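Okay, got some structures for you below.
In what comes next, chain A is part of two complexes: it sits with chain B in the first one and with chain C in the second one.
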Partner chain A sequence: MGIRKSRAEKLFDIGNAALLILASVTILYPFWQQLVISFSQPAEAQRIGLHLYTAQPTLDAYKRIFQGNTIFDAYYWTILRTVLGTVLTVLVTSMLAYPLAKTYLWARKFWMWMVVFTMFFSGGLIPMYLLVKNLHLTNTIWALVLPGVASAWNIIILRNFFYSIPEELEESARMDGANDLYVFFRIIVPLSAPVMATVTLWTIVHHWNAWFDALIYITGNEIKVLQILLREVLNDASQMSGLNPLLAGSEADMDGQHYTSESIKAAILMVVILPIVCVYPFLQKYFVKGIMIGAVKG
Partner chain B sequence: MKKRRLLSSGLALCLTAGLLAGCSGGNGSSTSSPSPTASATASNAGGKQEPAAEAKSYTIKLFTTRIQPDPGAPILKAINENLGHTVEVTAIPDANYTEKLNLYYASNDMPDIFQAATEEIRKNGTAKFTEEELKTHMPLSYAAGLEQFEEYGVTKEAAMKRFSVDGQLASFTMGSKELIYPYGLVIRQDMLDDFGLEMPKTLEDWEVFLKAFKAKYPDKYPLTSRGKDSIIQSFYPFLSAFGTTYSNWQLKDGKLVYGPFMPEMRDALALLADWYKAGYINPEWITMDNAAVNNDWINGNSALMQWVNLGNAISAPFSPGSIFESLSLGNPNAKMAWAPFPVWKPEVLPAVPTYEGITNYGVSFGKHLEQDREKLYAAMKVADQLASDKDTWMMLTYGIDGQTYDMVDGLPVIRKEVNSNEGRVKEGFGWYFLAIPGRNWAVNETTKTQVYKEQFGKYAQNDDGIYSRKNTDWAFNHVNGVLTSPSGENLDVKGKAKSEEWGTVFASVIIGNKSLEDFDNFIAAWKKEVGDEMTEAANRLYLEQWQ
Partner chain C sequence: MHTSMAETGANRPPAAASRLSRTMIKLRRQKYLFLLMLPGIVYFVIFKYIPIYGVVLAFKEFNPMDGILGSPWAGLKYFERIFVSDSVLQVLYNTLRISFLKIALGFPAPILFALLLNEIMNNKLKRIIQTISYLPHFLSWVVISGLVFQLLSPSYGLYGYIYDLMGWKTEVLLSKPGSFLAIIVTSDIWKEFGYGSIIYLAAIAGISSEMYEAAKIDGAGRFKQIFYITLPSLLPVISIMFVLRLGNVLDAGFDQIFNLYNPVVYGVADIIDTYVYRIGLADFQYSFGTAVGLCQGVVALVLVVSANWIVRKMTDHSIW
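Here is the complex of A and B:
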């Protein structure tokens, strides 16, 4: 027999639900608005106000973005850097965090201090650029992948999680003849799935959104990541008048398609966030658990 | 256990060695060119080295914006063949140009051809050369520049002084003749006819027109502006009537004064505030950008379009795809006309913002080229040809006839399929922004439309034209560099917060959120904090070049 709720409790539930619905709408509506604008005609895209739907949907903005093969190349490089960067980051970070979690590591505090120090002080943009350039990494994918491989923050999160794994598990494995690498890859890593997934997700998002390093280290068109390409497309749309002085103040496209920088901006947003939105649900269940475990323990 | 200790000690040693290696200085220079030094002696700066008898082919690194051509692009290849050198182009979005150039400067890896974006780079990051070298190795641009300087009202000596650092040339530009002329105002002539009014000339005439507009279209607003993305252009025709500008340093009675500090600015704001209250100004102007303003015009919601390039056709046949064509398509009865800038008092010429003919910044060459003057001369020749050799300039700007453009009525028209950034990247043209020493008018003029030449000539070049120098006060910004106090403090940095606050105050006074007394107090505070210092610095540093 269910517990009957009092009037106050029911009112509270209604208020609670209303607030949560309001919060959800507040969070979801901007996304919906951009989606609608991306499919809107020029005049409607420019209109200030709510965009709940579009009376005359058009794919012109998407057609503009997907003209040619360039965007597919950009997707390729972005996916490559994301995959390479994530794999290397997780591998290097975990292999650095694991020994730091061992109390018997010689000069452990010193190594930890060196890692933490980098969170407070950084050489800055110019030394980083000089380092990457002197290592002959500019104009290669490695300039986008290697500099961010060992992040102090991720190391600390993982180290704290590794603390929480009972040492008895390792000892019993060693008694059975397991070496350090076996223990790490076959015991520690599987147990660390939540925090690994967290670090993986952070790294994926970072690499997917990163554009500044590509701007600085890549000077040619051979390696063009999605964010750089989309930035150029956006500049193209808003600088159409700059390309042809006769069109100063004009919005129309020379080839007759109807698009404006507003609908292109919105279409770009959709193109960029859609893959991440698709990946996120698969890793979400680990996310909260992993971040809390990594943060609390140790 | 002992093995593990040995292994971990070895790894620790490797890590330490790596850290220490990173601490040591390396020259990091590439082997392909001499290592540039930050404080190279200037002993060769005034030298007159003769170029090698046989022209050597160099790889010239050029730094530009927007268009990054594919290295194998056909037109880039054709341009390189024409030049006899290989131009390696690196392009970056406008907003990041300065940042990347600073990185190049800091890492001693300057491009060969670029436009210096900061005073520091102009002084210490550029190769210095003499006027004789300029004349010898950039003859076409030099000759064109001398002609064009006259039109800007700048003597050769004054121009060379602007390009110089410590008496030596650090940059050069011909400027851009088109930019010194004002942009125009376009008014709805059909509305004037409908209201039985003549073309407004004075502010009073304008008020009559605006009142009539509001009476007929109570839900529309005849005036609007790009408050969101270009507040400096906001209502400038009406500011200009009072002889002032939003943020230019103007020459008044032999002194440089800042537009906002002029007493007339108060009068201008009072007028605009009254007009806002009367409903003549779109209340959403502060949130409107270029696209929104254009949209208002196209939909017939406004009566005035400002900042219009004189190349625009405002009657049929229209420039294809222009906002004037769009207006006409939606409203076949719409008629447009070029309007003069309004006048406040007969003795006050409208202060129309235009761009400086030439500034301190033009095309520059990397400091490292002082060590290799042959290559410097090659880079100079490349810059000269890109801007002033007709064939090269046409390839750079339009591509190849029959491939990327066609001649239509004697004018080049870029083909639709390549008329985008992507098309230009693939084909390899259009990468000239900030990479050439200005615009050679004799070369550029041949590609201007008849409409442009007619309107430009009639309204701007002709002394009787409504936008001519005779009938308007061309309000150049007479300060074209950093303002520093006598002690060396950067006043632009010091005054940045107040400059940004000025936009808020400007808008607030117009919409009625702040009073004119608030404006007075703000200006007084601004002047006290940094404005008086700025005025003193402007006059100390820049007045001389205008005298």
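Here is the complex of A and C:
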């Protein structure tokens, strides 16, 4: 507000803005490059260069990856695990967190410790793997859904929020003879929309990005989520064995058309991240909010 | 004292009975609360506590036919193996080296970013930079590894472009131990510096503007304000984050390394988590893998609980 800036400060402002804009560019450039390559002619995709733009954009790579069912199947499995996982997580987590927010709950300390302890110690990879295997969940969608249903972190966040809801809001309903189930589903849940949205978005992103569980619990080819498909394409593992129809024979087609696997890789990567980028504005808002809820101790 | 104990003893049966019936009444009154909790508790028992019990595998000679419970005991055989194994020592060293490199170079990054971003006076520009900087956090390491492979490609990546321009000879960077570590640290900073700055930006937003006003009246310029107000005000948050980060030192970033490493760089890249995965799930040495994982888990537990204890001492309240 009319405060005179010294020359050093002006210089700093310019340098600072330039530096941070450069930082933003280093974040955006790899994505932009992938986007450009995914629309590039095969020969151009493999050329040395910055790939800032392409003179002759083509949809060939996208047409190719959408041929057949591979991508659609992968989308189906990813969406299925995301929907099942998110619904279960939000339900189970909030149903467990609400009683834990009641100070009069019988053995409350015990239940709370039971939850919190899992934040610090787990059985580790191999016992978990054997459990999923012994429950005969391997090679089913449930192997990707059930093991991660509730986490101590989400429970604590929700419990802290439920704490903050004034008791009086429940009391009038209780006076009318409503039981805890009614109070929870009809009064508490609607009041908790913001924190529920935060947990929902967290869970959606978690499921969309999850790959390791699919790698170890799914051994067949039937259930292949997007992340695993992308991993295979990037590592070229399936290209060699000809298992992946997206890449098989991609060097030169029968009709002489030449599709580089580079533009195909880029196109698949774009297709995998597109939904996340689309919901990103919401994510940003609720993630930041979630961090704040988490940071404020209950 | 004796008499009072005797009295308690004499009164015990009716007291216990009434306590029991009071508990029963309380439980009956809370039956719907327990109904709500039931799925969650069942989940925790099955998917959290059965695997915790499953660590007995580390003390057994695992035979898939007999299951974990039926397999014969092996005693401490697998733990003895840990202490004489060169590879365990190597992966422990690799884990700590990668973690400390990430802390040394990566921990200050979000703090610096928050401080610099705070100095951007144009709010629109500030918001745009902020939004862009969070983006990589929301993507998996599978996706980010794709970007890294592309950028580092000697033939068509940025790396190839620059080296071609300079006329330098290119190499496969991910297959050279030194450059592999550099890539691990850099890509980790790149992915997380924006998101990591949120907590510091929030702390900066909480600094009272009166302090800055007073400093301005006293003639403090922008730099003095940064060094004498903003940075000291951030110090508590920075120390908390630092202690918590140290508590997680055994977690060197499995997702990242697993998606970027290859056998050529196992010598520097293999960390405890990737090692447990390979010996356990690829080589089927379930008991040895569980034993290594258990040792890691116990040390991590001690570290994290100590970190929380220190933070509680620093702030008078715990993280949860």
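Just so it is clear, the second predicted complex is superposed on the first by the 205 of 298 C-alpha atoms of A that agree within 3 Å, B and C clash if a C-alpha of one lies under 4 Å from a C-alpha of the other, contacts with A are read in each partner's own complex, and residues count from 1 in each chain.
Keep in mind that, in the parts below, a residue touches a chain if its C-beta (ideal position, glycine included) is under 8 Å from a C-beta of that chain, and two chains touch if they have at least 3 such contacts.
It should be emphasised that the depicted structure is a prediction, and the values quoted were computed from it without experimental measurement.
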Partner chain(s) touched by A:Val115 [first = chain B, second = chain C, both, neither]: second
Contacts of A:Gly68 with chain B and chain C, given as first, second, both or neither: first
More chain A residues in contact - chain B or chain C: C
First (chain B), second (chain C), both or neither touched by A:Leu105: both
Partner chain in contact with A:Leu125 - chain B first, chain C second, else both or neither: both
Contacts of A:Ser172 with chain B and chain C, given as first, second, both or neither: neither
Which superposed partner A:Asn134 touches (first chain B, second chain C, both, neither): both
Which superposed partner A:Ile21 touches (first chain B, second chain C, both, neither): second
Contacts of A:Pro30 with chain B and chain C, given as first, second, both or neither: second
Touched partner set for A:Asn221, first chain B, second chain C, both or neither: first
Residues of chain A at both interfaces, chain B in one complex, chain C in the other: 46, 48, 105-106, 125-126, 129-131, 134, 216, 231, 262
Footprint of chain B on chain A - complex, ascending: 42-43, 46, 48, 67-68, 70, 105-107, 125-126, 129-131, 133-134, 215-216, 219-221, 231-233, 235-236, 238-239, 243-255, 260-262
Interfacial residue positions of chain C with respect to chain A in the complex: 23, 26-27, 30, 32-37, 39-41, 43-44, 46-55, 57, 67-68, 113, 116-117, 119-122, 125, 128-129, 131-136, 138-140, 142-143, 145-147, 149-151, 155-156, 158, 160-161, 164, 190, 194-195, 198-199, 202, 216, 221-223, 254-255, 258-259, 273, 276-277, 280-281, 286, 289-290, 293-294, 296-298, 300-301, 304-305, 317-320
Complex contact set, residues of chain A against chain C: 3, 6, 8-9, 12-13, 16-17, 19-21, 23-24, 26-31, 33-34, 37, 45-51, 91-93, 95-96, 98-100, 102, 104-106, 111, 114-116, 118-131, 134, 146-147, 149-150, 155-156, 179-181, 184, 205, 208-212, 216, 227, 230-231, 234, 262, 265-266, 269, 272-273, 276-277, 280, 283-284, 287-288, 291-292, 295, 297
Complex contacts: residues of chain B adjacent to chain A: 5, 8-9, 12, 22, 26, 28, 66, 68-71, 90, 92-94, 96, 100, 103, 106-107, 109, 178, 183, 284, 287, 290-295, 298-299, 305, 307-309, 311-312, 319-323, 325-326, 416-417, 419-422, 425-426, 430, 449, 452
